[in-house]
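Both complexes below contain subunit A, partnered by subunit B and then by subunit C.
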Partner chain A sequence: MIALFIDFARRFARNRAALVGLFLVLVVIGVAIAAPWWFPRNPLRIVGRPEIWPFVSPRYPLGTDSLGRDIAAMTAYGARTTLLIGLCASLTATIIGITVGATAAYVGGWVDELLMRLTELFQTIPNLIFVLTIVSILGQKIEYVTIAVGVVTWTPIARLTRAEFMSLRDREFVQACRAMGMGSLRIMFGEILPNALPPVIVLSSLVIAGAVLFESAVAFLGLGDPNVTSWGQLIGDGRTLIRSSWYICAVPGLAIMLTVLALNLVGDGLNDALNPKLRDR
Partner chain B sequence: MRRIIIRRLVQIIPLIFAVIVMNFVLIHLAPGSLFDVMTSEQQITDPAMLDQLRHTYGVDQPVTVQLAKYIWSVMRLDLGYSYRQNAPVFDVIMQQLPATLILMLAAIGIALLVGVTAGVMASIKVNTIWDNLISLGAVFFFAAPSFWLGIMMTVMFAVKLGWFPVGGMRTIGVDESAIGAVLDVMHHLVLPATALGLFYAATFARVMRASMLEVARLDFVRTARAKGLSGGRVVLAHVMRNAMLPIVTLLGLQLGTMLGGSVVIEAVFSWPGIGSLLFDSVMSRNFPMVLGVLILGSLLVAVCNATVDLLYLRLDPRIKAR
Partner chain C sequence: MSGFSRRDFLMTTAGAALASGFVGSSSAATGTPKRGGTLVGTWGGFEPQSLFVPAGGGSSPYFTSTKVFERLLRLTVDLKFEPVLALDIKPAEDFRSYTIKLRPNVTWHDGKPLTAEDLVFNAMEYWKPISAGVTLDALEGAEAVDPLTVVLKFKVPVPEFFLKSVLAGKAGLVIPKHIYAGSNIITNPVNNTPIGTGPFKVKEWVRGSHVEFARHDGYWNAGLPYVDKLVIRWWRDPASRSAAFEAGQLDIGTFNPIPAPDIARLTGTKKFVAETKGYSNSAWITSVEFNQRREIFKKREVRQALLHAIDRSFISDTIFFGRAHPSIGAIPSSNSIFFTKDVQDYPFDVKKAAKLLDAAGYPVKSGSRFKMSLVSAGWFEENVKIGQYLKQAFEDVDITVELAIPDRATSLKRIYSDYEYDVAVSNNSGSIELIPATTQYYTTDGIVKGAAFRNATGYSNPKMDEIVGKMAIETDEKKRVSLVHEFDKLAAIDAPILPMVDLEPVTIARADVRNHSLTADFMGESWAEVWLDR
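Right, the complex of A and B next:
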């Protein structure tokens, strides 16, 4: 097991960009965890004069926004929201995707047909419009945003899982399990799934990046949870001041971009490490 | 050929049907009924009036009847009435749709132009500094949220340099000839279309590069070279044409995302399309409008997907043979 992990780590480390990405992701996670110690008081609290530019005041290294709130504190707390929503949404998408894809491939027949039509349906619906609809109907809560983003991003995972299951379900080891009298559920999730998982994990890591972008768009439009700081919301708040203080938009935007960039790089690295056959393509 | 087209179009019907049913479920998931929201939005308190509305909307009937009624009315393109605009929902959406279509087409155009060019460049100069620069650019634009790009571009090109207008679609109060109006719209279109298109350009560049390298290894390319065709002609007429197929597939798959992306971009640039309409309706809890946009948006994507599939048929005759 440890030898396997070392092998995995070595292959991951061969991709320089992935290491940079991993470093950035760790930094963002570190900031997210450290935020309450670093800025012990409520980040939405007004601390000083409004519209102080970055690098001007040593007390507010990233400046203050239109209300005089500390941008550094809000960005740090925003990392928590962004990562939390990204992870939970990706987890939701992965669970839905694996369930749908595995069932479709393993059961086959009309179930497969029906589930694939359902996948097609969710691919057709313009996803951001769907997220906005759900959030506007159910309410502006962080849970609803997470679920909504998960619900629109599971389709690629379902398709991939289905393809993997298709190629695995008639292999000898599965037939052996069936001959032993193992139940369908146990074969699906105990035997086939572990073999199908590596490419699915890669895709779910990329879904996190997509989820972060979705969340920021929803929050930017002012439909996120108003009681939670998030990067998208900061950009949305700063938008009205682009003539005088464009840095209010620039700082959280850079944070989003670097996080998504890092997550994508890590996803590519995982791809190299988990699917070595595909690397040279 | 006609049979294929008809078969592909028939496939859309169950899809739209499913969207309608899902809409219905969403309405019933809402806390309090949609009816409550509608009446409170219009501030109707008269009990007699409430009873009458309840009857008109069929709220007093069983769920199955309501569903059947809902499906029937949507099929007649009756998506409800919007008191906010004082017009039927369908008419309002149709009025705003052209602006969104223009924006999306322009964004697709920019994405294809920039993405394909960059991908071809990178594949010709593979593993050089150019290749690396293009890949780096692609990675960045792939990660930047489009609305943020839009805002930063506004700061740069509209506020600081003053080359382009900050938002809107037409210059207010200028009455011009037809050509002048077209130019005016195009002038307003540059920033939003670029902001929306660059993300897709990044995707296309990455896919195009990989696909060009893949196709360049095939036998027919060697044959073309052996025939004595010039390097440029081989790349443009033989490799690129075949390498474009994955791009067409990708374009079809991303139309839905693009329509979603245009909602945000329209909000940034106050572009008067269905995105702005949706945003406004979500904010004012105008549910008939929100659901109408969802249905017509899905229909639009479904039709575009079918078109892309048929386009594929033309680009790759091998598919028709099967």
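Right, the complex of A and C next:
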């Protein structure tokens, strides 16, 4: 097991860009964890004069927004919201996607038809509009935003899982399991899934990046939870001042850009490390 | 960068000169009006739920419907009534009946003439039961004496300024009998393509984008309107409106269309003017409402304490960039007839607020006095910030606040239909005359579930109802003023809902848009006289 992991780490490390991505992700995670020690106050508190530029006042290194809230504190706490929503939404999407994809491929027949048509139905609805609809029906709570993002992003995972399952379903080892009298669930999740998982994990890591962007879009449009800080919300609040105090949008914008880029790089690295075909590239 | 040219320099200095007193004067009628062109207008809010909302529905439908429907009178900037569809309105000696002479040769957009029958229908079937509501409770009957004369009869004496204000106000739109008779006026689908007597006909409403109005060629005021086409377009946020101005996609925007910091920048280019006239009969306020259906906020002491916890100067200076000022009492200070300073006020004092809450029976228990749901109506950019500020202000007196900033439709539903809030932030614009626009927030009969911008707090005080009842029938103008002061004092002490700040709205227009902002409520005018100097 340990040898396997070392092997995996070595292959991951071969991709330099992925290491940079991993480093950035760790920094964001670090900031998210350290936020309450760094900024013990509620980040949404008005603490100073509005529109102080970054690097002007040592108390507010990244400046203050149009209400006089500390942008550094809001960005640090925003990392928590963003990562939390990204991870939970990706988890939700992965669970739905794997369940639907695995069932469709393994059971086949009309169940496959039904589940795939359902997947297509979800795919035809424009993602962002679907997210906004769900949020406006359920309400402006962070939990609901997470569910909404999860519900719209599971379809590619389902299709990928189905394709992997299809190719594995009739292999000898699966037939051997059947011949031994193993139950369907055990075959699906105990035998096929571990073999089908690597590409799914890669896709899930990319879904996190997508979820971060969705959350930012929802918050930017003012439909996010106003009780928590989020990068998208900070950009949305600052957009009226974009001509005079552009840094209000730029700081969280940069944070979103770096995080999403880092997550994509990590996804690439995972792909290299987990894809057996690329093993000796 | 090619360096700082001489032209740039001149522009900048001109900009600085303008920024110091940037209210331009090009709104005044200069030169001979030109015919033709397309005028694109907007306001500092969102698209309406319907182009015409018979029961009111706020400023957005008011803005669109007043381009199509007209009223009997209008109020000028110096607060005098001017005839529109009526030539003359005269009270009888006992003020129990009024004779209205209609303007001859007025036709609806479909070619049918406007007659006294239409007016009788409006008075009895529309104004009294729907738009004016209890305001015209005293209206007993309407009678067409001849095709152009109508007599309105009242049970009690009715003050002249009051009646004329109602007829010239939001409730006084004249709608066609032949379209609405026999149908449910409120739900009639024609409200999305209204047919009126006004200078503009509805051509097409593209939902989510704009409504296009075509010139009504048979308009009674020959030669008007000056423009061929009027487009009212909606943008979601102020920054995109200022971009639209600069891109030449927008000619005029009423009610704070662009972010305050952008005003000086746009007027500095000399291509745009900022105008503060045209709002005296629609004084805008941002108010805080306390839901009386909730045990905690039913206590007057709690409401007063919370008012002490709000720093109104922060709201006016920081959130509105100085384009607002703290309110005193329930009546905006711009109301030169009825405003009084002599009411209970609530200076910002956190310690006093905490003391009052202790005394009201809500001491701090494990870090919190109680939980509050705060709903800030998300139709204005500023309300988002006010919501965030109030959350902090109330947290400072140890109240746990759950903040929601819903979109327009959800805000209307939560505040005015479902009453699903503890404390709400909302807006309204009142006329000079306080009945009904202002009083309906305080009277018992102002409680109409589902009707927006009325008494949503559930406040009911017989004393208040009595004062407003007296205001409605006092025909002596001086005595009426002192009754209004009595009303204001009680409203300020009971504080079920109170304005936090009076807004100082501004209209932004391209410099070549002429003849705008010349009435007491420009946003609700027909815009027939606006012309383009191109």
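Everything below uses one rule, namely that the second predicted complex is superposed on the first by the 276 of 281 C-alpha atoms of A that agree within 3 Å, B and C clash if a C-alpha of one lies under 4 Å from a C-alpha of the other, contacts with A are read in each partner's own complex, and residues count from 1 in each chain.
Basically, contacts are C-beta pairs under 8 Å (C-beta built on N, C-alpha and C of every residue); 3 or more make two chains touch, one makes a residue touch a chain.
What you see is a predicted model, and the numbers here were worked out from it, not measured in a lab.
Aligning the two structures on subunit A places subunit B and subunit C in clashing positions.
In the superposition on chain A, A:Arg117 makes contact with subunit B only, not with subunit C.
Once chain A of one complex is fitted onto chain A of the other, the partner contacts of A:Leu67 are limited to subunit C, with no touch recorded for subunit B. Judged by the touch definition given at the top, the superposed model places A:Leu44 against subunit C, while subunit B stays out of reach. In the overlay built on the shared chain, the residue A:Leu261 is in contact with subunit B alone; subunit C does not reach it. Touched residues of subunit A, counted separately for subunit B and subunit C, are more numerous for B.
Using the contact criterion defined above for the overlaid structures, shared-chain residue A:Asn127 touches subunit B, although it does not reach subunit C. In the superposition on chain A, A:Leu185 contacts neither subunit B nor subunit C. Contacts of A:Arg239 after superposition: both subunit B and subunit C are touched. Look at A:Gly253: by the touch rule set out above, it reaches subunit B but stays clear of subunit C. When the two complexes are overlaid on their common chain A, residue A:Phe220 makes contact with subunit B while staying clear of subunit C. Taken together, the two complexes place residues 136, 139, 222-223, 239, 242-243 of subunit A in contact with subunit B and also with subunit C. Of all residues in subunit A, those touching subunit B in their complex are 117-118, 120-121, 123-139, 209, 213, 216-217, 220-223, 232, 235, 239, 242-243, 246, 249-250, 253, 256-258, 260-261, 264-265, 281.
Residue ranges on subunit A touching subunit C, taken from their complex, read 42, 44-46, 50, 66-68, 136, 139-140, 222-223, 226-227, 237, 239-244. Of all residues in subunit C, only 237-239, 242, 259, 261-262, 265, 314, 318-319, 378, 381, 384-385, 387-389, 391-392, 395, 402-407, 410 touch subunit A in the complex they form.
Residues 14-15, 18-19, 22, 26-27, 29-31, 139-140, 142-145, 147-148, 151-152, 154-155, 159, 210, 214, 253, 256-257, 259-261, 263-264, 267-268, 278-279, 282-283, 285, 287, 290-291, 293-294, 297-298, 301-302, 305 of subunit B are the ones touching subunit A in the complex.
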